[in-house]
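Have a look at these structures, which come just after this line.
Next come two complexes built around chain A: one with chain B, the other with chain C.
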Partner chain A sequence: MTFTRRQAIATGTGFAVALALPLPARAALEDTIAEFTAGAAVGEGGITLTAPEIAENGNTVPVEVDAPGAVAVMLLASGNPSPDVCTFSFGSLAGAQRASTRIRLAGTQDVIAIAKMGDGSFTRTQSTVKVTIGGCGG
Partner chain B sequence: MISRRDFLQASVAATALYGASGAGNWARIAAQQALTQDQLLQFDTFGNVTLIHITDIHAQMRPVWFREPEVNLGVGAANGLPPHVTGHDFLNLFNLRPGTPEAYALTYQDFSALARTYGRMGGLDRVATVLAAIRADRPDALLLDGGDTWHGSLTAHRTAGQDVVNVMNALAPDAMTSHWEFTFGLARVSEIVDSLAFPFLGANIFDAEWDEPAYDPFKMFERGGAKIAVIGQAFPYLPIANPKWMFPGLSFGVREDRMAEVVAEVRAAGADLVVLLSHNGFDVDRKLAAQVPGIDVILTGHTHDALPEPVQVGKTMLIASGSNGKFVTRLDLDVQGGQVRGFRHKLIPIFADVISPDPEIAALIEAERAPFRDELEEVLGTTDSLLYRRGNFNGTWDDLICNALIDEREADIALSPGFRWGPSLLPGDPITREDLFNATSMSYPQAYRTEMTGKMLHTVLEDVADNLFHPDPYYQQGGDMVRVGGMGYRIDVSRPQGRRITDMTLLKTGEALDPAKSYVVAGWASVNEGTEGPPIWEVVENHIRRQGTVRVDPNKSVQVTGA
Partner chain C sequence: MAEGVRARVKAPATAAAGESVTIKTLISHPMESGQRKDGDGNPIPRAIINRFTCVFNGETVVDVMLEPAISTNPYFEFEATIPEAGDMVFTWYDDDGSVYEETKSIAIG
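Let's look at the complex of A and B:
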């Protein structure tokens, strides 16, 4: 097997894969976050997102958020055509600020959770969920 | 870094040595004089607790040749750490000398020549002799089976695992965990589990609908005055790496938080020693040990690594006991007041010509084989080449399978999954149907034939590569790299998904693959329900019969960088 440089360049270009999100999707994600936070700064910590590392079925991926003291938690699937999954609201009588659901993921992506806390501050966390096309388990 | 030149040199060196040493019984006799059963079993009993670990037997109840990997790359934090050390580096790391029985058992170099010198390894009748010796020292030793036990042979396939279950029951394990067991289907697993005298553990197996534990997470034992919790962890990615429709309603996953909860639970219940009987794979266990405190010993499995010494991660000891019955680990521990005060460890190599078979177990194995003997022993052809599978990239067994798929199914490109199971055959060995099944036996063997575009093939290769070379082991899903026939490619294992695979080339024309063009692709073991085609063993048997004597040339079409 021999490669000419030209062939190598040609195949390299042909198989180049865009890893970054397409621009419109990224804009949609940022807009959705900005709408929820009204542009306020978003910190970290105080929120736990539980999701599988690799989805067993990309059509129904179990995720759980836990944010003690939150009044609302927004869940985002950053790589979906429409990233806004849902927002959980917790009333003052809620015993725990925890919720779980199952979401569909279009492909490997970060799932993001942003909590609005009782004092009006925001905090976020994220977790990468891999959606594979399946294969060969040794 | 591994270059194409290294691959070539390694294969050339092995060939040269085989040619020079030849075969001869004198060498084996010399080995038998040098190696004795007493020496292999020698162990000064220590402390108050003995654990015996065996894993990934893959239904190999009789002695086999099994060549350890030549290429086993670690990525991220695991780069250069055991078990990602092979050949000379492995020998140097553990102070072993080339050409010794240990070098033969644990590395790939000069495999054919050393195999003729030291003989086959494994055999559950030999394992039984080792167990009897350990139990004579310590009658209440715990025997723990790490899973991938019931699958991997013709007889296991025909009896849906019953032959192995019968023999293992005679060895009397105290607990097991699982992976390929589930490819017999959930109903069959339930039927066998109900019949077992010991627990089938899986802390990470959940009912998918209700998100509730589906199997016992742990079992408590009392040994030598200590309370021992054995927690089981099944292979985390069963529904992704194997056909999930065969065990509907079950969910797996690493579930690190769940493991932390179970460890806390058993500690609260008074466990002095916490043992994780795991089928995670070594790198996942290494990360888990660092993330979840409170586990004293992890008996690792899945990745088939054999390490002559434990690997220490914080206060956790990781044990790797190999595969295919080649090794049994004995671990003696001094457990006092909830703490491990000391240990003594031995990875016992099961040299089949040195350790005498236990007659009762040998008879039992023969009885299980008897109904299938004619079929098992039928010779299909001969191999001129060493046939082996294990390694990150193409091995000769899969090259043979890919050649068969291309020839018999008239395909441009063949794909063979990167399984880690499947023993080896030496140059000159006859290939029996048993040997073929040892490399192909499974419950979803259909050899498919389909069309894929160059772009799709690239996506497939990238997907599988990420399952092996993702820097975070929790994102590593399964086996070794998919083996490819009819196509060459270059892989930089250090790059992210989508950018590792380049220079895909159709070998028959030497042209670059066109992303837009469709190619005829043949493969087997698809995880998709409803896959159609003849069983892979029929395809390969036809090919072997047509060839008479098979010869597999060294594969130079995969070029690896970035390690």
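Let's look at the complex of A and C:
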């Protein structure tokens, strides 16, 4: 099989696109985390993220976070066009540092929860959700 | 103002003093993400609720910043401590500047 010039260019462009795409998305995720933690080290444990293993419809995926002692919890979707999902700030009358909501996921990906604890430390957890139908239109 | 916005809140009418109660809220809103395109391929502009707060007698229970990744008709479930009788005020802030408010009175009993 011989490559024509046209095919070679098409293949090359395809590769370039495939390589370039995940990088900005990854950078956006890192930036968002750094903004929330102000560069502090992020530990593990003390936070629970409940999300379905398989979500048939990416338009409404129920998730729940529970982080006893947290003052704020940020939810992130690593594979969405924009990784931010929402940030819960718990006030003095919060009965428990627990909240649930429904989110959109563009495809199969990791959902990440990062909690800011009362003592200023950070902790994270993540959960992989398989999505059958993506929820970002497009 | 987005059309047909209706807030619904499920909160107990009474609670024991100091008790932690579960609150559920739902507001009908399209939460247009800004990622979708219409039939002609033009992007549909973003129009979402960007903030939700729940305040009881002036004290914050929860304050949520919403991004376009929150589903249509944003739903929240959380817990609130009820130290005394009073009013729980729920507020949703739309991208277009409108504010939707709902109040529930909770008595001690």
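Here is the rule we go by: the second predicted complex is superposed on the first by the 111 of 138 C-alpha atoms of A that agree within 3 Å, B and C clash if a C-alpha of one lies under 4 Å from a C-alpha of the other, contacts with A are read in each partner's own complex, and residues count from 1 in each chain.
Rule of thumb we're sticking to: contacts are C-beta pairs under 8 Å (C-beta built on N, C-alpha and C of every residue); 3 or more make two chains touch, one makes a residue touch a chain.
These figures come from a predicted structure and were not determined experimentally.
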Inset, instruction - Quick one: classify A:84 as touching chain B (first), chain C (second), both or neither. - result: second
Inset, instruction - Kindly classify A:132 by the partners it touches after superposition: chain B alone (first), chain C alone (second), both, or neither? - result: first
Inset, instruction - Mind working out whether A:40 is in touch with chain B, chain C, both or neither, as first, second, both or neither? - result: neither
Legend entry - Which superposed partner A:103 touches (first chain B, second chain C, both, neither): second
Inset, instruction - Determine where on chain A the residues touched by chain B overlap those touched by chain C, and list them. - result: 135-138
Legend entry - Sites on chain B touched by chain A in the complex: 179, 208, 211, 235, 237-242, 244, 251-254, 257, 302-304, 417-421, 454-455, 458-460, 462-464, 466-467, 470, 472, 474-475, 477-480, 482, 488, 496-499, 501-505, 507, 510-515, 525, 527-528, 556-557
Legend entry - Contacting residues of chain A [partner chain C, same complex]: 59-61, 64, 77, 80-82, 84-96, 98-105, 135-138
Legend entry - Partner chain A, residues of chain C touching it in the complex: 20-22, 33, 35-37, 55-56, 59-72, 74-83
Legend entry - Of all residues in chain A, those that touch chain B in their complex: 1-3, 7-8, 10-12, 14-15, 17, 19, 50, 52-57, 62, 108, 128, 130, 132-138
